[in-house]
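Down below are the structures I want you to see.
Next, two complexes with chain A in common: one pairs it with chain B, the other with chain C.
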Partner chain A sequence: MEKYILLKNKLPEWINMITPTYTIFAPVKEEDLVFFKPITKPSEMTLAYSNAIVPPKAQMFHQTETMFTFTQGKNIRVNPASLPDEKIVVFGIRPCDAKSLSIIDPVFTNDFEDPYYLTKRKNAILVGLSCNQPTVNCFCTSLNGSPASPEHLDILLTDIGDKYYVELNSEKGKQLVEKTKKLFTPATDADSKKKKDVEKKAVDAITRQMKINNVDAFVKKLDTIFDAPYWKTIAMKCLGCGACTYLCPTCHCFDIQDETTLDKGARIRVWDSCMRPEYTLHASGHNPRPERMNRVRNRVYHKYNYYPKNHQMIACVGCGRCIDNCPVNIDIIDVITKAGEVKP
Partner chain B sequence: MVNEKQLRDEVKKLVSRDDVKYVIGYEQGTYGFQVTPSFAFTPEEAERFIFSPLCANNLSVYLMLEEKPPLRKGEKEDTRKVGLVVKGCDARAVVQILQEKGLKRESLVIIGVPCTGVIDPKKITVKFPHQIKPVDVREEGNHYVLTINGKNQKIPKDELLFEKCKQCEYPTPVIHDVLLGDEVKSTKKEEYKEIKTLEKKALKEKWEFWSKAFDRCIRCYACRNVCPLCYCKECIVDQLSPQWIYRSVNRSENTVWNLIRAYHLAGRCSGCGECERACPMNIPLTMLNKKIEKDIKELFQYVAGVNLEEKPLLAMFKPNDTEDTIL
Partner chain C sequence: MKENPYQPWLATIDSICDEVGGQRAIKTFRLVFQDEKVREKFTFLPGQCVMVSLFGKGECFFAISSSPTQKGFIEVSVLKLGKVTSALHECEPGDVVGVRGPYGNHFDVSGWMGKNLVLIGGGIGQAPLRSLIKYVVDNRKQYGKLDIIYGARTSKDLCYTKDFAELKTCEDTNACLSIDVKEDGWSDFVGFVPDNLMRVNPSPKNAIAVTCGPPIMIKYVIQNLGKLGFSEDQIFTTLEMRMKCGIGKCGRCNIGNLYVCKDGPVFSYKQLQNIKGEQ
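Showing the complex of A and B:
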């Protein structure tokens, strides 16, 4: 992996140099929250942030996506939605969120290639920023992640004082730096050591951990406790809102609907949430997941049992958003730790 | 504040009764300043109950969330009572539900907590963003005393209180079977300062303010689900035929959703502020509720959820009602 140094005061220049070619999504502060938003100049972004409230999956998998539009009446016409060919840079994405995209890729690739997601995904360069100050509910290290891991990223920047340690982890990443090479200098061994120190400090700062000895064994264990009364006790306090699923970087369920006026309409795809009763409601009126217990359990199983079985990955990156934003303190670290203690 | 031993003893007594199913209260949460809803079915489980200035949740929502799966052959409906710990604003929600006949009074046992205000989790998290270990928070006069790593920290109440608590006119539950401790009398008055300021602004400014807020909405419906008074069997936003609100998340549909939510609570909202607390996108939802509350107070001299004998606002008519509202 090629490693470089970018001085902090050169960062705005770098952003300015790539702005004409790429739409840059970067963390922007609004009402005490941080969002990934397109920026036109570097001063609009904030790099002093823990993580964006809405994960950057939303840049690839839009909450609302028009699949095609149509006209009704005598002259019916179907017009496919044009797929954007803009090249994008997601700047400042955290390693956990980058991992989440690798996790959901198979959903949009395996059986059917989803042009809406894949076009944006392929056009995107992920420029990550190491998470030097993890928040209270960060637990990426419980799931083999690291707050400063370049894996799943094209480029990773790590703040090592007055400069960024830059790791190029893909061809795309190399090309982006290649065009702006004059701003970068090769990293020295001392810089590499500094990065390691920063990473270690960040890893040590993650104190909340899932207390399960072995992740793979836990995945298997879930097979044996499906009918445990435990799930009911967790679900009793669940309100059934969709905050945890919508803000989850790996949740990827959607609904497809036609939205029409008298003479025209659009087929749209919107995020859906398995926490809602309608999610599984059949046309007959039957609901295979009739109670909150079924739905809460499904959310845990989908991430920690079904997904690993289907795609050999746990569908959770440990970003902590579902914990931060649950109005009733349903805490996945706690849920998983206690599930590990449930007797089959 | 409440004597926790007295609270637990009361809950133990209740759950030991044959006619009580369980009691809903609060227990210590999993990290930092979190407190979480708790359900006690047995006296042992009642041991977990706490009450502190961190107990923000309005637990009356769980009365409406209780699931009643279809009865099996020969099975009889469980008509035992549910016990509930309420603060002043929570109690008003219960009164409102009872007025609307959403629940029967005899199905509830209400443990009232005279409330001296609760802490806004967003405010305390900003002050202590890295707090992982649970913190003991006590109230002493005009201060909160936080015990963090063995050290006491004194913070003026005003810095941490929910805005709603600063104007609370009904701190003692207006309905209860048991009241823990002495009644708290309020000398505060809701003056709607923030609302009055916004009202004075030009239409364009108001539109900018709200469209910016609604643009953030992700339609997770945490505001609806956390609300004890949003208990329609099928919410208008979920209805497909006819579909009143499209699923598309954009300014138009988000505005419709947020306004409909507020309007459906007109004359019903008890001002507990749970919608705003639950909103992950920091949309100032209580401002919408308060605006409607203020208008209703001015037009009909009506306050929701304070008198069990009264009919709900929209179910009553007085010959001298103002007609200004009819277009």
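Showing the complex of A and C:
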């Protein structure tokens, strides 16, 4: 992996150099929250943030998206939506959120390629920023992640004092730096050591741990406690608000709806949530997941049992958003750790 | 990038057959793709499904109730129940819908060659079985004995009456109808489908049983098949779930880790025994 140094005072220049070619999404502070938003100049972004409230999966998988439009009446015509060909850079994405995209990629790829997600995903360059100060509910290390891992990124920047340690992890990443090479200098061994020190400090700052020692064993364990009263207890305080699913970087469920005027219409897709009773409600009135318990259990199983069975990975990156934002303090670290202790 | 899997092809409603009237009306729609190329390249096997769009109303996932041996069109049988199906029932021949698919797995028509088939349906559940029956009848020599057991609440609730009139004249096919309550002029069996199954008493030897219908019927049919000596891997059924995408992405049709749209709708009873999940 090629490693470089970018002086902190050169960062705005770098952003300015790539802005004409790319739409840059970067963390932007609005009141007390941080969102990934398109920026036109470096001063609009903030790099003093823990993480964005809405994960940057929203840049690939839009919360609302027109799939195509159509005319109604006698001469029905379907007009394909034009897929965006803009090249984007997601700047300052955390390693955990980058991993979440690798996790949901197979859903949008499988036998039927999803053009909306994949076009944006292929046109995106992920420039990550290591998480030097993990928050109280971060637990990426419990799921084989690291706050300073370049694994799922094109480029990773790590703040090592007055400069960024820059790791190029893909061809896309190399090409982006190649065009602006004059701003970068090769990293020295001392810089690499500094990065390691910063990473170790960040890893040590993660205090919470989800206890899954062995993924295969845990998946099997969940198979044995599907009918346990435990899930009813967990679900008792859930309000069904769905915040955990909307803010989860690996949740990929969506609804499809038609919106119409008299003679025109559009088929729209919008994020959906398995925490809603309507999500699975049949036209007959039958609902396979009628109780909140069914829905809470489905959310947990989807991430820690079904997904590993289908894609050989847990669909959780340990970002802590569902814990931070749950209005009744349902804590996935506790839920999973205690599930490991439930008797079959 | 391949073609957009969400964008339906346009199809014209060629004809509509009123199967059942009243509160729970059922109609069979014959759909013809407008694009001749699509008509040629659209191939499927019995058990597979399509997503049918009524533009402005939405989409629904239906089993294809015609057989792949019938060329130039597909048919879907629709029970009037929700928003889209009610709107479909208002359609007339010549109206245009969208179709995408085919989706899901299918009955193992090649693996079942040479076997005796017992096909047990109830109400609208007969739709996927109708595709299989036509397919088997059109390839009759490749399959063994064919027992068809089908029932509904009343004689007016039976679908595909024309098909059954023809099937009854086939010498090598045993079509047994039933209604739940006695009616004047009804000469076939009176009683529930699982009871008719016991009366027909098919042998499990070299046989496959497929049952589609309301969950309560499936439950007792499977119990009775067990009594007749059918093992878990000789019994198949199809499942339905609320769906949006039909291609394993939107998330809602899962039973455990399986998606009904993609991994189903055909499941063996053995498979269902092993899935932990809500149906």
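What we mean here is this: the second predicted complex is superposed on the first by the 341 of 344 C-alpha atoms of A that agree within 3 Å, B and C clash if a C-alpha of one lies under 4 Å from a C-alpha of the other, contacts with A are read in each partner's own complex, and residues count from 1 in each chain.
FYI, contacts are C-beta pairs under 8 Å (C-beta built on N, C-alpha and C of every residue); 3 or more make two chains touch, one makes a residue touch a chain.
In this text, all values refer to a predicted model and were calculated from it rather than measured experimentally.
By the document's definition of touching, of the two partners only chain C reaches A:N305; chain B does not. By the document's definition of touching, of the two partners only chain C reaches A:Y279; chain B does not. By the touch criterion defined above, A:P288 lies against chain C but remains apart from chain B after alignment on the C-alpha atoms of chain A. Of the two partner chains placed around the shared chain by superposition, chain C is the only one that A:H252 touches, whereas chain B remains out of contact.
By the touch criterion defined above, A:A243 reaches chain B but does not reach chain C.
Looking at chain A, you'll find residues 255, 257 touch chain B in one structure and chain C in the other.
Residues 67-68, 70, 72, 76, 78, 80, 107-108, 110-115, 118-119, 223, 226, 252-258, 260, 265, 267, 272, 274, 279-284, 288-289, 294, 298, 301-302, 305-307, 309-310 of chain A are the ones that touch chain C when the two sit in their complex. The residues of chain C lying in touch with chain A in their complex are 1-2, 4-8, 10, 53, 55-59, 81-83, 85, 96, 98, 240-242, 244-245, 247-252, 254-257, 262, 276, 278-279.
Interface residues of chain A facing chain B in the complex, by the touch rule stated above, are 30-33, 35, 53-54, 63-64, 135-137, 207-208, 233, 236-237, 239-243, 245-247, 255, 257, 259, 268, 270-271, 273, 276, 278, 290-292, 323, 325, 327-331, 333-334.
Taken together, the chain B residues at the contact with chain A in this complex read 29-32, 34-39, 57, 61-62, 65, 67, 69, 126, 129-132, 213, 216, 218-222, 224-226, 238, 246-250, 274, 277-278, 280-282.
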